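So that you can tell them apart, the chains are marked A, B, C, D and E in the order they are listed, and the count of residues begins at 1 in each.
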Amino acid sequence: MKDKSILIEKIVKRILWFLLSMLILSIAVFYFARLAPGDPLQSYYGDAVESMTSTELDAARVRLGLDGPIAFQYVKWISNAAQGDFGLSLKYKMPALNVITPLIGNTLILGGVAYILVFALAIILALFCAMHEDTWIDRIICKVGTAAYYIPAFWLGVVLVLIFSVNLGWLPSSGAYDIGKSNDLPNRIQHMILPLTVMILSHLWYYAYMIRNKLLDEIRKEYVLLAKSKGCTKSEIVIKHCFRNVAPTIVNIMAISIPHVLSGTFIAEAVFNYPGIGALSVTSAKYHDYNLLMLIVMITGVMVVSSSIIAQFINEAIDPRMKLTEVSAWKETSQTNSL
Amino acid sequence: DKKSTDGSDLSNTLVYAGEADESINPIINKSELSNIIFSGLMKYDATGQPIVDLAESYTYDEGSMTYTFKLRNGVKWQDGEPFTAQDVVFTYDKLTKDTTLSASVLSNYTDITKVEAIDDKTVAITLSQFNAAMLNNFTIGIIPKHLLDGQDLTTASFNQNPVGTGRYKFVEWDKTGATITLEKNEAYYDKIPNIDRVVYKTVAVENTKALMLESGEADLAWLNANYAEKFRGKDGYTNIDFTTADYRAVSMDYRTDFWINNKDSVGVLNDAIDKDAVVKSVLNNEGCTAYSPIQLNAFGGNTAADIYSYDLNKFAQEMQTLGWVKGDDGIYERNGQKFHFTIQVRDYEEERIDIANVVSKQLKEAGVDMEIVLVTKFDWKSGYNGFLSGYAVEFDPDALYAQFTTDGSANTMKYSNPVVDNLLTQARHEKDVTARKDLYGQFEVAFSQQPASVLIAYLDGNYVSISGLKGLDTKRVLGHHAVGVMWNIEDWTLSK
Amino acid sequence: MRSETILSVSHLKQHFQINKDFIIKAVDGVSFQIEKGEVFGLVGETGSGKSTIARTIMGIYPATQGEVCFKGNKISDKKVYHKYKNDIHKNMQIIFQDSAAALNPRMTVEEIIIEPIIVNKLIKDKKEIQKKVASLLLEVGLDDTDKNKYPTEISGGQRQRVAIARCLSTSPDLIIADEPIASLDVSIQAQIITLFQKLQREHGFSFLLIAHDLSIIKFICDKVGVMLNGRIMEIGPTEEVFSNPTHPYTQSLLSAMPVPDPIYERNKVLINYDVRSAIKEAEMVELSPKHSVLNNFQSLVV
Amino acid sequence: MEGNFSDQFVVVGANYKTYQVKVKKLTLRERITGKPIISIIVLGIIILGCVFAEQVYNHDPTSFYLENLNEPPGSEFYFGTDSLGRDIYSMIWYGGRVSILIGLLGMAIITVIGVVYGCLSGTANKEIDSIMMRIPELINSIPTLLLILLLTSIMGAQNILKISFVIGITGWCGLARIVRSEVRQIRSSEYVIAAKSMGGGFFHIMKKHLIPNFISTIMFVVVSSIGLSMSMESTLSFLGLGLPVDVVSWGSMLSLANKALLSNTWWVIIFPGIFLITTLVCITNIAYYFRKETNKRESYL
Amino acid sequence: MEEPMLQLKNLSVSFDTKNGEVEAVRDVSLSLNKGEILAIVGESGCGKTVMSQSVLKLLPKTSRIKQGRIIVDGEDITDYKEKDMRKLRGGVLSMVFQDPMTTLNPTIPIGKQITESIIKHNKVSKEEAKKRGIEMLNLVGINKPEEMFSLQPHFFSGGMRQRCVLAIALASKPKILFADEATTALDVTVQAKILDLLLDIRDKTGISIVFISHDLGVVAKLADRVAVMYAGKIVEIGTAEEVFYDPRHPYVWGLMSALPSMTKTGKSLATIPGVPPVMLNPPPGDAFAVRNKFALAIDYDKMPPMYQISPTHYAATWLLDEKAPKIERPILLKRMD
């Protein structure tokens, strides 16, 4: 009974926090985006804006929601957004939502698969390394992993294209699928192999190393000794005992790593000419396409904030101690999460 | 047959890799696709002369300054609706009356005072004064009234779903796959193309186009000279090198104080730039040095305008004459002002960055500090002193009017030279062709003496295709970014 | 002459609000006094609130209710605390259980010892400070060469001596020692206890000694309070409490105290005390002028 | 020595002889094992080369040798030239300076912001702390690249300072979190409580207790942030958000990858890549070392 | 005589560290009979933990058994590899650690942690294992074991957790239980209960227990025999009565007199000056000599042998040598009434 009311209260609290974060985020981005020098009208009209009269310009601003003080613009934007109208993309000259819709799927598929693979592999690698801490194999994996992580993703992409598309001709160099094959799964997978490889190689070690270190901390805890004195094998201890205990941390890392992996799709999309919102967001920022930018930021924001809420619930299921404290996902993870 | 409709049989589909486009609409922007989906009253022939297209014939009445177009019979929009004079009126009304529209072509049509449909198949267009380039301007594609009436042309969903009267009809814009599919217009009123379908793949990065050609994902693409070089002599590929009227220049922004004060010192920069070296290195010799903006136009090419040459001694002398003195850092100074100016260069155009780099270095050695700022889109408000420009005047030289006359609609550099204004206005309204050519020749000289920009080089249009693609005709001088390659697409054949 | 009361704690409550529905009543109405030169012992099991009392007295946590008077000043009041801040900082010092945690590992022994002097700006002259350090080291039985070592480089017993030296450096009137020897070896424990005894005898320091080892309390304390669940169950002169434990909890605690005597130990019978049997509303009952017990059990016959 | 029995069995009491614990003198080899010596040496060489670039290079790194386009490595141009005839060898030393400078500046900004913010948050009360911790959380919910894009477009033309600033200002969150949790831990540690109860003020505690104690923990992050800043710079160059074109850096050299690989001039791309990756790996090795040092406990496995 | 359950013969264990060899256990011999409780006392760092963990081979890789043999239930396990040890651990040898708060895996239900070992060693079904697990919880005195079975450790108090740890250790019916400071972290009242429980279990199951502690009081309650360690060596071993009432080694005297409960209130404690030695290259003679006011000259040079005082009582001090001067023991344990 009491548990239930606590749960409801918690959910309400989370949702409120969620809304508040999105509000703050949108205000901040809205404001900062508009600080940039350069005329958004130029994105819309191109160089023709030069020859427009000031009345024409004013009229255009009103039409595009670019008139009045920023606060006024924001209020207009948010009240429209609340009704599902995210405004016109200045560059693409159609509703921002329409620009995003055909592309978001691509990014989610690419990012999602990369995300799953990165973490699946990272966990496997981390478990392996933790079990073989400080042996030659662990050291080699650490060194190779570090190097792979530091190879600039764009560079790696180009090298892969050169080898696998140009020289060997095994894999396509660009796009999401071949012409007319949008429903052909094998074809889609083929197109994803290279971008995925780049994304995995450039993220894998970051997370593998993080998880490995968490596991190393864990195998220094006393319960490991108890498990060992029970007669458990090394792998049983690491997988059944330690891994379970770092799982909440991993879930948290996963929750906050979404923007990181998304950043990865930016580069993969650029290198492999893979249509998606990654490349789109770069363009939208460069072209002062405010509405598009806001929409993209809102989408990633929603994904991150909601996934950290989900992460918290998952964690409570794994580890009931978490219920006692309101842990923010961000506090839990170590290392810098840049890029 | 069924195979060709399921989309995966590409044996008679031309895959073209090109730059990304936001909308396909001849009024908003001229692109390869809008050229073949839409058709205008007139079109260009192989030599770049306007000939009739949707119009069966036309007459010009000098007294009333009225063009009367007789339209073809039986032309249908690609959605099946009949094409009528109302569509023409609608299009030209848009071009002349719609205030929400702001396209760079608009100033070509300011001379039009009245457009009316005399009957279903006849349109009369009245001008305020004679305009020698008007027939050129009538090549603009006609848009369907029944689909666009009452809509905002800039944002209409039509732009992503165009319906025209051209050789190819729009099938699908697959944004997820970044392809635009066209199918040949079986109901086309003229020669129906051989190639069933054209798939336009939009590509953001230049080298991707080359990669796609290499890996067989594209059949035809325009590459920069360096990438095109890779395919030369390679099995299975053909290099098709067009001449283009596309030149690169360092254009100055005369709004900025620096050039207001130093207008006299633009031309002299030509002497300090080894344009040959630029052509050889950056352009891989695919192009030529430039001295006039209409050097390769039928009306241009007055060698008398070629008054500069790479000569550092001469440069030094000229600079001295102009009153510039070298400072301690090796940079010229005058009236306490360094010869330092900034130019903006768009970051996605490799050859422009390279040109800017080399030119900047050469100028630096001569004592002029040209600073390069990379931008994604040109910004006219941040006070840069210039930009690395590219223009092409491939058809009527009247295009110069918008660019170089004071207050011209494309005069982004705010260049103002009364002599040029005068010559270009005269030429615009000159009916006699030789007299016109003479006027443009004079313009070239006048321009050279007080140039708006330091012209560097003309670029060749280096297309690369798979060997199975035949029929591309290099007779035509192409435009900016080598646009116009598909001018005779109906004659192309493809075998893969 | 009536002895001077150095610290008096009355009806002190310290409640921690964990969340809306959950309050930990770490200290729930505790009163006691410490006279000058007296050693007052607090015993009780883990979580009974001993450390919380110590910290509340030190002003680390603001008291929820009740008052703490140091030398007659009600320092649980913020204003009063600020007024007497300097005096409190100088005259009330604390020693913690875990010497490794209580000494900054990045400071040398010397730096640690002089920290209170520096912070309170008691001595300014460098030479004087040097002298002070030497005398303090001598006092707690450390070698002069130890002063440049870091806490990790010396043993636990030595560390605890450093902690003691630090707290002696301002010659405080009251030393609060929160389980100062629990982490030490038997042989070292004896050394530290002896040191405490010496200090008390020679300087007349007053001590609030917190421990859970009854034998030590019995050995060194003049007065003892037995705590359970944030309340004092029994308080009185050590002799009396140990010879005449009245509260069943005290009895159970005493019976559980291990004695190094195999035969005695094997035959000893534990006295169990079920906390749940306690009566909620209860008052302290005086058994003798100084010995009182919390009357929350049935069988008390006064 | 076979002494006299009765001598030996005489009570002499404690401390009759002192016994000095023999601590093994470590050989040089033992002292350096486990330390990232090779990384330090290699990094040292690279840094020295970059610092004394003027002495090391044999061509003007900013010149275009238009007669020598795409020259393969040889005796004239050790690492070859690129498509505009720039000497790769000279550019590497010259450009390394910029890259390393950006790395260091980025690190400095990350460290300053991270430490100050972390300390403030760590010492603040619960409410302020929880608000302060939400801010990096929010910042982190936008992809960093997008954030950097936004900032660069706000700031206009790039230069070394600006780019380091942008990298720094988007990269401090992780460090701040670590500092905060360290400060939280340290500030509830008993030596800080003791210092407080003896009247130590905030700055005293900060200077004497907090900073010296978390410095070793954050070394790992601090050192890695040099590498992260450097690799971020190269990514930005690739996305066209890098330094002005006339400023040579490893990032800007690498971003020519696309072009060079298509024209088979591998040297243009391999050499800066090798230098960048080697430097980053060295830096990371050093960082890993710091990390290991702070966690020396033995594994129970 | 019955074969002892555990025998250590001249066992020495060292660690290789950067600064040299740490001789944590030096030449230790002892034996443990079935159903016997042997207590090992000694100060921090004297090698108690290392000695017991070396039997289960739980020590880190830097350690090595320098000499000696370990014989468990008649079987020499000194050279057993990890794989063989795994069968012994939990099944024959079992261990309880000091801190019940950290030795349990916080995220795994208690029941699962108990049955893990049962399933491992006995090849029984899950239900069977659960039944046994509940039995075990019952045995260690946990109320409502069925309910507790599926709860995670954080629902339990310290004393209950230590009972759970005990249940885990006993789950697959080991023959020898090592309890390394198993009650140190607990309150005296809880500690006393756990000690009773251990005695009870010994009586019920006949298990042999090695009980490690530094608290002489606790040892007095529990131990049949007591071994006192100092600096990696056993300095005195004997039955509890012998060691407590008739200690022979000056270190044990020192320990006893340092106990407050052995001293009259008001008197000052007899302290042992100095600190225990570092185990890095320990001195050649008796390591306690430097702190020993009764040290003989020979103590500084030569390791004393084990002198036998009674069939069960041994001590390693030169004072027991016939040539040594007779020394009055400073204190005599007065037996409590």
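The working rule: a residue touches a chain if its C-beta (ideal position, glycine included) is under 8 Å from a C-beta of that chain, and two chains touch if they have at least 3 such contacts.
To keep track of the chains, here are their UniProt names: A = Oligopeptide ABC transport system permease OppB1; C = Oligopeptide ABC transport system ATP-binding protein OppF1; D = Oligopeptide ABC transport system permease OppC1; E = Oligopeptide ABC transport system ATP-binding protein OppD1.
Everything numeric here is computed off the predicted structure, so don't read it as measured data.
Common neighbours of chain D and chain E, by the contact definition above: A, C. Among the other chains, the CA centroid farthest from that of chain C is the one of B.
Counting C-beta pairs in contact, the chain pair with the largest number is A-D.
Look at where the CA atoms of chain C average out and do the same for chain D: the two points lie 46 Å apart. Centre-to-centre separation of chain A and chain E, using mean CA positions: 53 Å. Between the CA-based centres of chain A and chain D the separation comes to 25 Å, rounded to the whole angstrom. For the pair chain B and chain C, the distance between mean C-alpha positions equals 89 Å. For chain E, the set of residues touching two or more other chains reads 58, 273. The set of chain A residues that touch two or more partner chains comprises 37-38, 221-222, 225, 228, 270, 286. Across the assembly, chain B contributes residues 205, 211, 376, 382 that each touch 2 or more other chains. Those residues of chain A that touch chain D in the shared complex are 21, 24-25, 28-29, 32-33, 35-38, 131, 133, 142-143, 146-147, 150-155, 158-159, 162, 213, 216-217, 219-222, 224-225, 228, 234, 237-238, 256, 259-260, 262-263, 266-267, 270, 281-282, 285-286, 288, 293, 296-297, 300-301, 304-305, 308, 328-331, 333-339. Across the complex, chain D meets chain B through its residues 62-64, 66, 69, 83-85, 156-157, 240, 244-246, 258-259, 262-263. Interface of chain D with chain C (complex): residues 189-191, 193-201, 204, 208-209, 212-213.
Note for the complex: chain B touches chain A at residues 6-8, 10, 13, 15, 22-23, 29, 99-100, 102-104, 106-107, 154-155, 157, 159-160, 174-179, 181, 199, 201, 203-205, 208, 211-212, 214-217, 376-382, 407, 409-412. Every residue of chain E that touches chain D in the complex is listed here, in rising order: 18-20, 58, 60, 62, 273-274, 277-278, 280-281, 283, 289-298, 300-301, 318, 321, 323-325, 327.
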